[in-house]
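Naming follows writing order (A, B, C and D), and every chain is counted from residue 1.
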Amino acid sequence: MPSAVVAGASGYAGALAARLLHAHPEFELAAVTSRSDAGVRLDELYPYHRVPLTLDAFDVATHGDVDAAIVAYPHGASAPTVSELHERGVRVVDLSADFRLRDPGTYAEWYGEHGAPGLFGHAVYGLPERYREQIRDAHIVANPGCFPTAAVLALAPLADLVADVVIDAKTGVSGAGRAATQKTHFVTVDENVSPYGVARHRHTPEIEQELAALGAEVACQFTPHLLPIDQGELVSCYVTPSRRADLGDVAERFERTYEDEPFVEVVDVPPGVRDVRDTNFCRLHATVDERTGKVLVFAAIDNLWKGAASQAVQNLNLMFGFDETAGLA
Amino acid sequence: MPSAVVAGASGYAGALAARLLHAHPEFELAAVTSRSDAGVRLDELYPYHRVPLTLDAFDVATHGDVDAAIVAYPHGASAPTVSELHERGVRVVDLSADFRLRDPGTYAEWYGEHGAPGLFGHAVYGLPERYREQIRDAHIVANPGCFPTAAVLALAPLADLVADVVIDAKTGVSGAGRAATQKTHFVTVDENVSPYGVARHRHTPEIEQELAALGAEVACQFTPHLLPIDQGELVSCYVTPSRRADLGDVAERFERTYEDEPFVEVVDVPPGVRDVRDTNFCRLHATVDERTGKVLVFAAIDNLWKGAASQAVQNLNLMFGFDETAGLA
Amino acid sequence: MPSAVVAGASGYAGALAARLLHAHPEFELAAVTSRSDAGVRLDELYPYHRVPLTLDAFDVATHGDVDAAIVAYPHGASAPTVSELHERGVRVVDLSADFRLRDPGTYAEWYGEHGAPGLFGHAVYGLPERYREQIRDAHIVANPGCFPTAAVLALAPLADLVADVVIDAKTGVSGAGRAATQKTHFVTVDENVSPYGVARHRHTPEIEQELAALGAEVACQFTPHLLPIDQGELVSCYVTPSRRADLGDVAERFERTYEDEPFVEVVDVPPGVRDVRDTNFCRLHATVDERTGKVLVFAAIDNLWKGAASQAVQNLNLMFGFDETAGLA
Amino acid sequence: MPSAVVAGASGYAGALAARLLHAHPEFELAAVTSRSDAGVRLDELYPYHRVPLTLDAFDVATHGDVDAAIVAYPHGASAPTVSELHERGVRVVDLSADFRLRDPGTYAEWYGEHGAPGLFGHAVYGLPERYREQIRDAHIVANPGCFPTAAVLALAPLADLVADVVIDAKTGVSGAGRAATQKTHFVTVDENVSPYGVARHRHTPEIEQELAALGAEVACQFTPHLLPIDQGELVSCYVTPSRRADLGDVAERFERTYEDEPFVEVVDVPPGVRDVRDTNFCRLHATVDERTGKVLVFAAIDNLWKGAASQAVQNLNLMFGFDETAGLA
């Protein structure tokens, strides 16, 4: 049974990854680490995850002695640790943005200096529905951002049709992380909704990269909005097609693309995020507005699950040859 | 002091209208009526409005003997009552959709048969920022829908620029009305967000009518989403301009259009619905995304206030020659 | 593999019971029934439960041909169906109140006429932590009410000490059931908290019966409050002890009572309902206020899980000789 | 028109006090101050309060030159500033706990060293329903804590009857203040409820002091619980009476005590906090449980209004001889 470590397990996504690996039938969770909460038991921070392990300070001499790692650090901080683990032969899924972009110039433009430039380009983008075969052999997997996960799954079946696209996203507060700030204060969020990162959210180039890889070279209009919910993400995509779109054709594209996918549900009613809460599912609904000619696609995921931790486990399952759904049912 | 009646005061918007008129310095609230709750005190249904009146069954012989009326019935049911009151010389603000559309064919297409075809076209569209002078003289004012209020205020300054527009709206549950249904059940809404009325919401033709009146003949892509909040509405508009838009020009348009408006705030940060809760304000933020060339406008209102009841009072203030802000500060 | 039916699966507790049995390693979910939603797929009503079965109208000729049943009807309506199934040899867990009380007079006083008086007194009260051995052999198990589950687990270790007790409970809206009413309307509940059933809630005699069975003959002051959460229940118990209580002794009582219980957690910090969301756990914290001499006990459960559906499955596990935790981890 | 300053206006209660004084017909809001946010406009921090003033760093040389002050500092930090203002002849309402307790030993026991011992005992406890006449002449008013406000109003009519009392309180998050901590993080609070300050909340001695002043020498069992709402506080009181209580007598006591009070509502249904949101009202419901003999009283207030800022304005109205309801309707 391969052993695994979760580095950065005191954050929301890391803690959930620890829970999933702790209960996983094929992995042994050997250790959990935290820079800020070393010495604290994880089930004290997160009683509901019920992981009875104490958080260690990360030390590659110890924690590099495993088969698999999920690294849940902020971008920038992640790359050096991924690099250290990689050098020790550990196969890593990185939850940060550090290895998602394939163009160094784009990374520099949106994120600044990279923490391990030598590894840039060595990672596989960890969206199983797109890169399943490459993930099986990967040593470093860059787990997708939550919004790109939903947006790319929503738009992939239409890639050759997208002339223009508006992506309006709505997300729960856990996506902003565990740091206590005015933005995450209950009183700020409660009974409120507002856009953020307007015209400059860092998931934009990631979505564009993946759409381009599918053949759609398009500048995306992406705007997230913060909602008074803890988990869940709904991505509403408004596609101006390059040629007339037909509802039957659109339906068939989604059916065909996802018919064998264990974690993508194509449905004929608008999805709600509650439908996918605490699951690895992405729930999709596509339609055509005959009046405007636009194609509308709505994608719901749980930002902490398919948008982060459970997708990381899905990737680990692929990397180690296990049933892709192991530990995720 | 003119006397006023609120017909349909047991619903959310009607009850709020009653509260505003009850506390209004220039009107006397003579009666409140309800088809379903006649005999019940309004402050029993809505303790927080503190209106110590008993709901009557509507009877034009009695309730037509006033100067002003706000009718808060569902569309279809409203027109006959508006007609009765109008015949008695009462000046009416109608909260329903019955008199908002100016084209009978469009009404028939989206709503079906009209309840008072003889009056069709006699109402003024009650958006003071657009039709202030006509409202002063109007006998029937069609109070705008909540989404059109926000969307038209958001887009009016750009009307000559709009080649295409996506309007993604987010609204609280009070917009769905007081009827208890699976859609408004707490457990359905809580921790959820989902689109509804996809490609067929009835506020679409209303928005298009008002944009056309401003010179923008465009098919709008309008989609509302239901949020776990009680009051509040955020409308996110993504405009593809017909020619290159400049941020300075956009800013100046908004400044110029709304500089004298008592209830429109143009701000340089994204608005949240909490900023306008329990007020008649519309809070607007416009920007240009240099990457995509699109113009983004975000409008926040309280759907029960500026989106319904307080805008109705604003209209009554105009109709009766009072300070437009009376009773709304 | 024993087969099971869930009767009344369109309600919240019944639907969850169906989900748990559908995924259970030891039972086969043969059918789900509903009086109101026959013909509808359960995963259409509850996408998040992902049970791909169609709801049938209940017919004992068909649905009585199973080994086990969970009946999730309202009280009064439940007893006749339980009776029918029982006559067919089906072992039944009843989620209603019909078989919880052991004194017919008390039942009559709080609930009225009983629907199957011949079976009155034949059921075992389904709180495994109290009646584990009797449940193993039971043919009818009366699943406890949600509040009694939490209150009895909170007070059992102190039973011989209780001279007086105030039980102040806080619950989520799912406890009020799926019926759409003004009480469960989002706008009523949101940003609100209020007591209900003051001095007359029907869980009072059930709590008193179980405390009496433990030796504490006391009239409980029980008051529930409705909170803006969907699931979760916190029960705050304020015990006036019959003799001076010592913190060490209290702690030892809880430790000793629950040390082998798989689903009771005794902790040294105040519990929150989030700690037990979507689990069969009851989380308990007890302390002594040295100033007042009172013993305080706080119990958190998920009202739909330990307070209803998962406790029913725990009971079925016992009745059929399976690991008590099967399907509940 | 007397001038007023709000010191500590960047916190929730101070900001609301600023809004109320800014819109007050009888006071002129001369300045708002903040230790942490000096230089920031108040309407940037709190758009919804719409107070177009810039926060100053407090300087008694400038800000002492007013007639009235509301000081909204944390306890301990407040006393020295109150003292400075008092020496300048400013009449002060202090929102902190610094001057609420009348016994120095009790203050020391629960709060530690006092910041202005020379003034200890010089303040009037600012509960108008109890100390109206003394408040009129006071130079320093200690605004009551939010829980004591509700609890004392709930119990005052029963003071001579109280042999024992359990006070179970439920409060919104704004009561925890604007500081961003794990406790106030949205994800911590959402879908949760938990007790805090168990057996040691500092409002306990304040409640006991005021009950003793009413003749009830009793050790109160007070426990607050944190709810996922922003504003609002419900206090559930369970009174064991010293002699048999009669419902008619209880009702008459409440009626008599509060019949002339402008801000206390005695009602015959259980109150919800939504009923009093954004108001200075305390809404009370009392009943007798015939089974247990206990008297139950439920009190709802808005913790930021009657529990803090609007009660402070009510006190200022009294101190300066204005209509007690001025600026609070």
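The rule is short, and it goes like this: a residue touches a chain if its C-beta (ideal position, glycine included) is under 8 Å from a C-beta of that chain, and two chains touch if they have at least 3 such contacts.
The shown structure was predicted, so the numbers you read here are calculated from the model rather than taken from an experiment.
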item	value
Third chains touching both chain D and chain C	A, B
Far-end chain from chain A, centres as C-alpha averages	D
Whole-Å separation of chain centres (CA-atom averages), chain A against chain C	37
Chain A and chain B: spacing of chain centres that average the CA atoms, whole Å	39
Where chain B and chain C are represented by their mean Cα positions, the distance between them in whole Å	46
Chain B, residues touching no fewer than two other chains	190-191, 228-230, 271-272, 274, 277
Of chain D, residues touching chain C in the complex	164, 166, 168, 170, 172, 191-196, 198-199, 204, 219-221, 223, 225, 227-232, 234, 236, 238, 240, 270-274, 277, 287-292, 294, 296, 298, 300
Touch list for chain D against partner chain A, complex	12, 173-174, 178, 180-182, 184-191, 228-230
Parts of chain D lying in touch with chain B, wherever the complex brings them together	23, 47-48, 190-191, 267, 271-272, 274-279, 283, 329
